[in-house]
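Chains: A, B, C and D, in written order; residue numbering restarts at 1 for each.
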Amino acid sequence: MIWKIFLVQEHGRSRKLSKIWVINERVRVGLAESLSTYVMMVFGLGSVAQVVTGRGAFGEYLSVNLGFGLGVAMGMHIGGRVSGAHMNAAVSFSMCLFGRLGWRMLPVYILCQLIGSFLAAGTIYSLYYDAIYHYCGGNLTVSGPKATAGIFATYPAPYLSLPAGFLDQVIGTAMLLLCLMALSDQRNQPAPSGSEPIAVGLLVLLIGVSLGSNSGYAINPSRDLGPRIFTAIAGWGPEVFRAGNGWWWVPVLAPMVGGVTGASIYKVFVELHHPSPCEHRREIEDEAEEEAAPLDMQKNLSPEVCV
Amino acid sequence: MIWKIFLVQEHGRSRKLSKIWVINERVRVGLAESLSTYVMMVFGLGSVAQVVTGRGAFGEYLSVNLGFGLGVAMGMHIGGRVSGAHMNAAVSFSMCLFGRLGWRMLPVYILCQLIGSFLAAGTIYSLYYDAIYHYCGGNLTVSGPKATAGIFATYPAPYLSLPAGFLDQVIGTAMLLLCLMALSDQRNQPAPSGSEPIAVGLLVLLIGVSLGSNSGYAINPSRDLGPRIFTAIAGWGPEVFRAGNGWWWVPVLAPMVGGVTGASIYKVFVELHHPSPCEHRREIEDEAEEEAAPLDMQKNLSPEVCV
Amino acid sequence: MIWKIFLVQEHGRSRKLSKIWVINERVRVGLAESLSTYVMMVFGLGSVAQVVTGRGAFGEYLSVNLGFGLGVAMGMHIGGRVSGAHMNAAVSFSMCLFGRLGWRMLPVYILCQLIGSFLAAGTIYSLYYDAIYHYCGGNLTVSGPKATAGIFATYPAPYLSLPAGFLDQVIGTAMLLLCLMALSDQRNQPAPSGSEPIAVGLLVLLIGVSLGSNSGYAINPSRDLGPRIFTAIAGWGPEVFRAGNGWWWVPVLAPMVGGVTGASIYKVFVELHHPSPCEHRREIEDEAEEEAAPLDMQKNLSPEVCV
Amino acid sequence: MIWKIFLVQEHGRSRKLSKIWVINERVRVGLAESLSTYVMMVFGLGSVAQVVTGRGAFGEYLSVNLGFGLGVAMGMHIGGRVSGAHMNAAVSFSMCLFGRLGWRMLPVYILCQLIGSFLAAGTIYSLYYDAIYHYCGGNLTVSGPKATAGIFATYPAPYLSLPAGFLDQVIGTAMLLLCLMALSDQRNQPAPSGSEPIAVGLLVLLIGVSLGSNSGYAINPSRDLGPRIFTAIAGWGPEVFRAGNGWWWVPVLAPMVGGVTGASIYKVFVELHHPSPCEHRREIEDEAEEEAAPLDMQKNLSPEVCV
């Protein structure tokens, strides 16, 4: 009985501790999410700055793909087991919708991602200050032959209509989330344990290589909005929000739609059809001679005992 | 005895369930095969569209190699443990011929692959609609300086004769299957468990880097025919089947021949000679001092007990 | 008792042996550190020499990124488990400061790194002697259109002020150490065991792709100073120390500052907040229904028993 | 006693079987070595053919590095556990010298490698026959603006003297073997188990990126001599042996010297100094407080019990 009372007291103390811990946990997760987004964006924006200001002598379009791809991989190593290193509001939003992240954490994630990408824009601005001014002659423009705003945020190609741009961002983010779902589906062929960062990095590289030329593959509200706000403050002015027929809201909203679409497609086409281990096993034993099913489906069987 | 009756009844029920399950299994496998082919093709065709319409500003030939290579890797993560993610009728055909897939499943695989690649062509067409029209001035042509049909299906280089093109596709697919057999041969040096997608992706990248300039390395009927049918419907017209002296059937038929050839070469040169664990071990113990054989052959010994 | 005497004697003998062993250990570690730095630098400098003297026919800027990135990976395979293969005085210095390396070993590491990079510069000079003379017509210059000193040591871009260059090296090395800390943090998402060399190699490639155009991403005193001394002796003369307003000391000093900064940032933002296994577990059990915290934080729990 | 007689009889039978088995083993190893060399060379030569005949539209110098690098990786998957997939006479020779391969097997290896690379040259010649003729107008030359012999064998840059070329091949092969020794040294930081092919592939890519512009990084007698003989027969004539002041023997002889040099350097600098587990452990326990040695040296301890 004393033992029980102790437990109750313990529980009371634990309750209070728990409150502190929840706050601490938010700080902990928020710091990691900020830092991983910061690292990803420093590498990503840095690669664009280098290609633009280097006039082709210090890299090419493929360098930008590598910069964002490997930047995402490094970001995942930074925040991986602490915050999950989403680094993308569309990813956080989809995780909430599919129950993998509590909704209460969503504002923390988005805010920290925006802070991280804003600070990364500032870092790259300081680092390439001389290079940018040397390149554009001190005239910070959003469009034209010496435009430099594109180092920080994305702008659509001149031929792209706004609806087509929206579709571009929806499809790009849908492909991202569709593949992310597969890479983490332990009942399918996931990325090898420990190699998730490089697998996701290669996925982002791939999206840049194949779905990037229309509007620079933002596919991420946090990646685009933070640096855009920074450029508005740092000298490019409100034009960064007006350019491209008011393009700025497209890479904020469309990835939300696309992310949920892509994750749902994977669920409908693949995840929902994973057999429960028991019924699957019984059927297989039964029709061993039927031969119709592919031979490697047995890999799906988990080692759990079926009653 | 009651137990036995129950078993028989159970068996009867199971029979019926089995029929349903076989249908379900086909749906399950088909959906996964469609989606993995779709994902692979969106990334692959997207990279070509970007390089062609970007006039070199958004990637180069190497980007296309990366687009198809990493696209295959992502496709394998999507369908991996469900359908095997062949994404290639020549692979499915070879798997059937070598007993790794039931023949009854072959039409399901090929049909789903064609649907996947057809839909991917449609997706890329929508996504790059503005870019394609901006590039070619609204004039969709199959050949000439502003040809855009090559974004979707493959066409031979002008100097290539039809027999040489057939040989090109046979050799390309033979190298693909030869290496695929090695990558999955557990008694040799296979791709590390879990890394199969990236290993196969690098193989496809490699084929693009070294065997691609003659006719665009289709090496895959499903990759080529689906998008070709799409272009015939979407505005390029029947010319897509006439171009290159009626090239279209070459990447459909030659990969079938090449796939079987390549897989057979691996079987004849390597797989057939794998020693059975027992005789191998006895010989090795016997001639430890003979020294003629390479030292690392002992790795072949499986831990099974020999009687 | 005899046993005890024996032990004491043993201990005496061991003391003496220990002295020898400490010397031996320094030799052992020093040889490995020299060789790994040598290997890294031969590959790195070789790639620059090839790009410069080949006038674009034998690689591009990306080749240099690959040369240093994969060169670091190979260097880590050479010295990995013997010396840790720092190959970078800023890394060794930070390791000392954070207690992962004894201070007494620091001079050994730095000296051996300098010897390794000096010898590598000599090797590349011999190897590309004909190519360099053919390229510059026998006139070894530090600046100008046919400058070749940049093959060996780094020089700032013409537009870069000295403070901006210092910042460039601080940020570059900070990003290096920040990510190195994450890649080796076993309580977070480290590089998969055995894949550390390739992960660090990709990190260096990434820094080259995104933070390299200002001053050639030395981010390493040992990489820069050894070859610079070599060029001073080999024919380029004291100009190598005067060029860029006396640039030479920046890549020596700034990486030391940057390395410590980057490692500290990781510690403050992530490492300090790792929960101790026990308190973490208790809280989690307590607030299972609170739902506020992300679901994957439980991965942090170590299997140790909490009392 | 009956048991013993049986054993003797068994032994007699086994002797005879052993003879057959030795012959079989040579066939088995030879077939695998031929096929792996063939695969490596088809991919490698294919990438050169594509870059040369494509006039830059189908790849660049980096494609050739990828072609040979990933080609080596695929070759190692083909012959890996059967023959070791040396694919290089200099590697086989070094393996013999360091006791990892019986000398009696050396002629088998070299012959099979030459057959493999000769057949690969033939395959690439057939595959790119139209492209080569279209490129050079049917005039097969060894030097000059439209030279095509360089697709198959290596030729030195015009500025390269013969001794400098010899040094180039010695250093290139020395770096190859030095790193190969490290990649397979289980007491150091080897390539992760199962990832050896890709690690060696990246090493060959790296050598191409950094040590390739002088003479095309043959670093392999088997890679160079087989295709050179093929071109002599196929239409380029005896000029292939006369070009570059009789260059042909350099990539045959120099890699032998370089391979042994590189492997020896690794042995002298690293391998000889690996502590035996027992003495190492005793010392470590003894000087735990001495602090001079780096902390991660303890990883070297094997789990064996020391008496």
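Operating definition for what follows: a contact is a pair of C-beta atoms (placed from the backbone, for glycine too) under 8 Å apart; a residue touches a chain by one contact, two chains touch by 3 or more.
The structure displayed is predicted, hence computed values, not measured ones.
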Chains in contact with chain C and with chain D: which ones?
none
Compare the CA centroid of chain C with every other chain's and tell me the farthest one.
B
How far, in degrees, do you have to turn chain B to put its CA atoms on top of chain C, rounded to the nearest 5?
180
With touch defined as above, tell me whether chain A and chain B contact each other through largely the same residue numbers, more than half shared, or through different ones.
different
Taking each chain's mean CA coordinate, chain A and chain D are separated, in whole Å, by 41
For chain B and chain D, let me know how many angstrom lie between their CA-based centres, rounded off.
29
Junction residues of chain B - those touching two or more other chains:
60, 62, 192-193, 195
Just spell out which pairs of chains touch, all of them.
A-B, A-C, B-D, C-D
Residue set of chain A touching chain B in the complex reads 60-62, 65, 157, 159-161, 164, 167-168, 171, 175, 178-179, 182-183, 187-193, 195, 199, 202-203, 205-207, 209-214, 265-266, 269-270, 273-275, 282-283, 286-287, 290-297, 299-300
Chain D partner, complex, touching residues on chain C are 11, 14-15, 17-18, 21-22, 24-29, 31-32, 34-35, 39, 42-47, 49-50, 53-54, 57-60, 62-63, 66-67, 70-71, 73-74, 76-85, 100-102, 104-105, 123, 126-131, 133-134, 192-198
